[in-house]
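Common to both upcoming complexes is chain A, partnered first by chain B, then by chain C.
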Partner chain A sequence: MTSSPLDRITSHQAVMFITNFIFGAGILTLPRTTTEKIKTPDSWIAIIVSGVIITLVAIIILKLCQRYPNETFYQFNQKLLGKWVGSLLSLTVICYYIALSAYEVRTMAETTRLFLLQGTPTWAIMMPFLWIGLYLVQGGVNAIARLLEIIFPITVLFLLMVMFLGIELFEVDNLRPVLGSGVKPVLKGLTTSSLSFAGFEILLFIYMFMKEKTKVTKVPLLGVGIPFIFYTITVVIVVGTMSVDAVVTQTWPVLTFIRSFEIKGLLFERFDSLILVIWIMQIFSTYVIALFIATLGLNQIFSKNSSAFIYSLMPLIYLVSMIPKNINEVFKMSDVIGNFALYLFFIMPMFLFVISKVKERKYEKM
Partner chain B sequence: MKKCKPILRNSFVSILLLFLLPGCWSSKSIEDLNIAVGTAVDKSKDGKIRSTLQYVIPNAIGNSNNKLPQQKPYINVSATGNSLEPIGWETTLRREGFISGAHEKAVIIGQNLAREEPIREITDLFFRDIDIRGSTLVFISKGAAARTLESKEPEVIPAIRLVEIAEQELTTKALRHISLMKIWGKSNSQTSFLLQLIDIKKGEIELDGAAVIKGRTNKMIGILNKEEIEGINWITGEGKSGAVKAYQKESDKPTYYQIQSMKSKIKPHVIGGRISFDVKIESEGRVAEYWNPHFKPAFKDKTIKQIENATEKEVRRLVVNTTQKMQKELGVDVGGFGNQLRIKYPNVWKSVKGNWDEKFSELPISYDVSITIKDYGMIGSKKN
Partner chain C sequence: MRWRRLNKNRMKIEESAKNAKQDKQPFQESINEMTGNLTEDLNLIRQEIGHNSDVKFREFQMGTTGIRIAIIFIDGLADTDVINNHILVDLMWASPKDTGHPLKNSSLKEFIKNQALSVCGLSEARALKDITSGIMFGSIAILVDGLEDVFLAGVSNAKTRNIDEPPTEALVHGPRVGFIENLKDNTALLRRHGKDQNLSIISSQVGERSKKELVIIYMKDIVDPHLLEEVKQRINKIKIDDVHDSSYIEQLIEDNFLSPFPQVQSTERPDRVMGALMEGRVAILLDGSPFALIVPVTFHMLLQSPEDYYERWMAATLIRILRYFSAFIALFVPSLYIAFISFHPGLIPTKLIFSIAATREGVPFPPLIEALIMEVSIEVLREAGLRLPKPIGQSIGIVGGLVIGEAAVQAGIVSPIMVIVVAVTAISSFTLPQYNVGIALRILRFASMLFASMFGLYGVVLFFLLVCSHLVRLKSFGIPYLSPAVSFRLSDWKDFMIRVPLFLMKRRPKLLHPKDSVRKR
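So, the complex of A and B:
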């Protein structure tokens, strides 16, 4: 089952975990969400700066985990904060992951309903998605890791290819002037651009499963670094093609961008359906990982290895995902979840890190 | 739990699989679709909007061997209403099938309507619709837009032909094609821009001039003719090919310079709060036609220099002429000057962008044209 100590993943698979978890539905709206706050073409600078900050936080998380090599966050937080506070924190985190997986499922359904299966009811789109996820999570961390290894190259290569096919429409002038209004707008946009990296905290939960435990700083570096590069490319190309004034008005800027060119003479002329179909895999991986961590948490808090948890999570996720009534509420849900994640996983790991240091000193004195 | 018999289990699975057989949940067969490739939007006589949709008839394409009288490969359906959405539904009362916008290629707006309603509102439906793509091109028609969707030639779908002509952009007398997505950015930043103007000549379409859309109102305010478009293309450096007159005196007889590449750089200057522009235009090309009544051999460098000078003079005349029209007559900036100012002097731009078009009308612009003739084809000289 999920928390079996025999289930081990390599560092390469750990990188896949971080990268695939960060990638998700967010990239489809990324150029808009970052540019909205900044209002200048400098959103790509904000992405770079926040990428560097997030990498540092991810390394702190790694250092924290290395103090408790055979325990997940759910277990070691009880040692640091006491049983009750720790369990409460764990439950909050579990709620967050349930909400996150619900959000991913909903966004997938929204985009699919809009662009691919216009007449299909939402529940019919969600059901197979939910059930396949359930099946995969029951296979444990190793099964997920192997799936991620398959998904990652396909999705990323296609995204990159499609982005560069539209290069003909790219106008450098849309990205200039660089820092024309100074550094201030970039700082303003840092929170939203950091939001896009939500998911870096996954190391708190999967470190326990890693085969190698030392000299693995490259794991958070690569895991955050890959999305960081792809985010920068996406924002640069989409904003450069559409201009700031157009990007902020688009509901799904990346899809608008892909729909604004046709390549004649290549196997396909249009790439929007293709990229959406492929990106659904990426949304699926985020959903599966979130579901896995939530189940893992329930198992570990209640010290039970029962599949009852995961089966009861299914209807819960479905219900949560149906809460937003329209697309605006979906976007609001994304904001709430993202903000929550940022405060939770930005501040908490540092806090825990300090506590663990203090406790260590105490023991040394004794 | 007792184990199911394999035969029972297998037949159960097979029955479940039966449900997959009908195929895609929301599939629509292509025969039932009205595939719209073009839309013409006009002002109707009673002040409402009249929209004409051009549907492709797939059966009629490529059936030229038939002895039967040729059926046109398209059909135009039109209706009148307050805006485009109710008109679309109106047409479904008259013709069977869903309207599919996934292959929409061109939107043509009548001049009368474009002068009264903002382009952004007229085309709102096209931007918003999920099927219609951002690569759809937008045109303004001199006369009734609905007429541009007709052709006398068999086997021609007028909307597709129009887009093909516009996209090849062979000559500097045509505007660089501009798609919905690019218009969206310009409309939202209140930048003035140009749209290709089309006209009907002897029953067939022709690209003829450009419609000037003013940034603030987003409505059409004037027309640039073909020569003025040439000026615009030289200012923006966006032309690909074309010809320029390369003689000054009538006695010299026609000589023409063929453009092989063109480049331009607009440089803004702000000195003590005063804005001015320098435009550097460079082009390389060849002598394409040289009647040469004076038998000056092209083998001589001096002759080439003369032709280059004459071309430079002509290009300068073209750009100055267009600038005059932009600044004095229309009072808009459609040459991308404001954009360069925004990039080089973002702070100055912030203070002038509110009334940039008015401000632009008074700014000094200087041009520096340099033409290089690389070769002159197969004839170097003529004998008397």
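So, the complex of A and C:
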């Protein structure tokens, strides 16, 4: 576990961190979760609006981080809020990340069981996954960044390609009428669609590791922009192909969409399991980043640099991931985590930003 | 941080080396020194090495002066031409100007050195240890009665083989020159390739007992000094009695001994070494080994051949992509076969799955066992073919490949599809230009087959993540192993999977931090 500031990442790698962390298991259910709330075909508008909002929040986070260029969130929140409140906040954040990584691992196991390995027990699916993540996190921020750079092009290109293979089933009529029932449903769905972007807050923790610290506004812009474009494409294609009614009833609408067409003449005719296998890599990256951030937090709060924390987090994550009894409880868990993220990372950074501004003014007056 | 720690270590080592020198010197001088009395000195040397039958002593008198001279050399190692035509002739015919009084020691020495001996490599030694080791290295020791200094003349001229095309790295295009076992010839080959004065060849010794000469080669104005220090330091740390081949050095200086991937590149081709030096890497040559070592290694180097630069860029790019593709096949095809057949037959087109199922009918084993039987037997065949003389090796290939494969299918032990899979895998692994990469992939292939048999496609993905996690953590001499693939830097990608036309490769790869980054204007 290397958290020494000598381990640097490039801005390109920082973008990869944000993008890969925002992706994750969420995209497989994204068309359903947004459409459920909105109930009109306008979920893509909600995605676009929330994308813009999230970009703004991400830029605020960047500004906040630029005040403390050589510290992570765990360190500078103590300066802003005092030692005890800061530590408490950090611990909450760590708990959030433990829960998040547990959720990602569990979702992975559930989908794998459903689509790929019917008879295999959940623990057997999760164990090797957890261990490989542990091995990677021990390599430090640089190793993770490099792995993300490998995973990102493979997964994203593959998914885009498969999406566009089904383009002939796409019907514009399914997306009409645009804003047929007014703006209200879109506003209702805004929270859910914003939550799909949860993960942009990673900037709070990785800013310290960045090589270049000035003129990096492009990092949050691209980091949120890539998933933003990607989400929009997914929602438009999936809702456009399957219509609102069908999307709402499917547990994994993206996979159902991919299953709905067959391409003759290729080596593979069906792509749903294949895309899931590829997407497991993306889930892996989300899990690894969450694990890394949690370990980093423990290291920095207790100012120790030992791998004991990672090893102790492993069983914890395993236990938390086994709490939900079935897939519905997993989704409930995701709702809880999402609501938590809403308060933690949408409101808290603004709050901290204001505090830091106020503090600065105070010092200027003195 | 690593650098700092290493620097500290280096300073410590240097200090201790200094101390050791100061301690030893007086001790040596007091015991093993030449006395100047020929009989005594000869006895001293005889005692030390005289029992060896290949050490030859020859005594004679110098010209008309009657001064006794003895030469000592090793039969077969020292150059007899030099002994006959220069040392013996020169010294036997030498006649210093008759000044009336006998030559004093100093003037005698000056006379022999400056006027009598017509050999170019001439050094003097006084300590017994230096003299004996000089003789062992192939020099001719010349002892003159009355002189405490002993002349060491000439260099070894042991028999070596001719310079050939390297058998392990044959090319269609490109120079047909390979290194041989003689270090001097090898460095000369490099000098002839690159007449740049910045080509630095620094010599040192390894092997506590055998004292083999090792040279570190680099371009003085390109190489990153940190890298050079690191290489020197790792070589200084080697404390072993003997190194038989440069692969000893490779294993002693590599970063991670648990990794299946080679972290040092060994090559027989001088042009490949020059190419690496020009990129800012460091090469190591060991006397007695035709394999040069190149550090640091990055993964993409292992899938490159010098030919990539000799062919035109389109062909080279295509062949490179083909190599990456075949590396993928060599690593994953058997495991994908296992995964699809035993876990996800529904993913394969229906017609294909029917024909596979038909051919598998009557095969009593699960796909993993079937694959293991074929993979292991092909590895055995490959190993057997390597060890046998060439003509027999070929017939083993025919017997093994054709007869056993055919018979196994006929007997119903394996399915024909499996034979195809294994054959394609084996042939793909032969396209890799480096032997040790092939071995790495062979090891990993078995691991990936096990993963696939346990978890199907999910297992293959897990295995991929595991290998990637390992590769991103691996470093070779401080350089990330996977660069330039990641961390992404567009300027280094032009010589990665694709090779852009030469006129576009204006800069050396940045990942090695070269001092002079301009390659072409």
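Worth pointing out:
Simple rule for what comes next: the second predicted complex is superposed on the first by the 365 of 366 C-alpha atoms of A that agree within 3 Å, B and C clash if a C-alpha of one lies under 4 Å from a C-alpha of the other, contacts with A are read in each partner's own complex, and residues count from 1 in each chain.
Just so it is clear, contacts are C-beta pairs under 8 Å (C-beta built on N, C-alpha and C of every residue); 3 or more make two chains touch, one makes a residue touch a chain.
The structure displayed is predicted, hence computed values, not measured ones.
Among chain B and chain C, the chain that touches a larger number of residues in chain A is C.
In the superposed model, A:Q13 lies in contact with chain C only, and not with chain B.
In the superposed model, A:S260 makes contact with chain B only, not with chain C. In the superposition on chain A, A:T35 makes contact with neither chain B nor chain C. Look at A:T120: by the touch rule set out above, it reaches both chain B and chain C. In the superposition on chain A, A:D173 makes contact with chain B only, while chain C stays out of contact range.
In the superposed model, A:S181 lies in contact with chain B only, and not with chain C. Once the two complexes are overlaid on the shared chain, A:T249 sits against chain B while remaining clear of chain C.
Residue overlap on chain A between the chain B contacts of one complex and the chain C contacts of the other covers 117, 120, 270. Remark: chain A residues 114-115, 117-120, 124, 169, 173-174, 176-177, 180-181, 241-246, 249, 256-257, 259-262, 270 touch chain B in the complex.
On the chain B side of its complex with chain A, the touching residues are 24-26, 130, 133-135, 179-182, 184-186, 188-189, 339-340, 342-344, 346-347. In the complex of the two chains, the chain A residues touching chain C come out as 4, 6, 9-10, 12-13, 112, 116-117, 120, 125, 128-129, 132, 135-136, 138-139, 142-147, 149-151, 264, 267-270, 273-274, 277-278, 280-281, 284. Of all the residues in chain C, the ones that touch chain A in their complex are 1, 343-344, 346-350, 455-458, 460-462, 464-466, 468-470, 472-473, 480, 482, 485-488.
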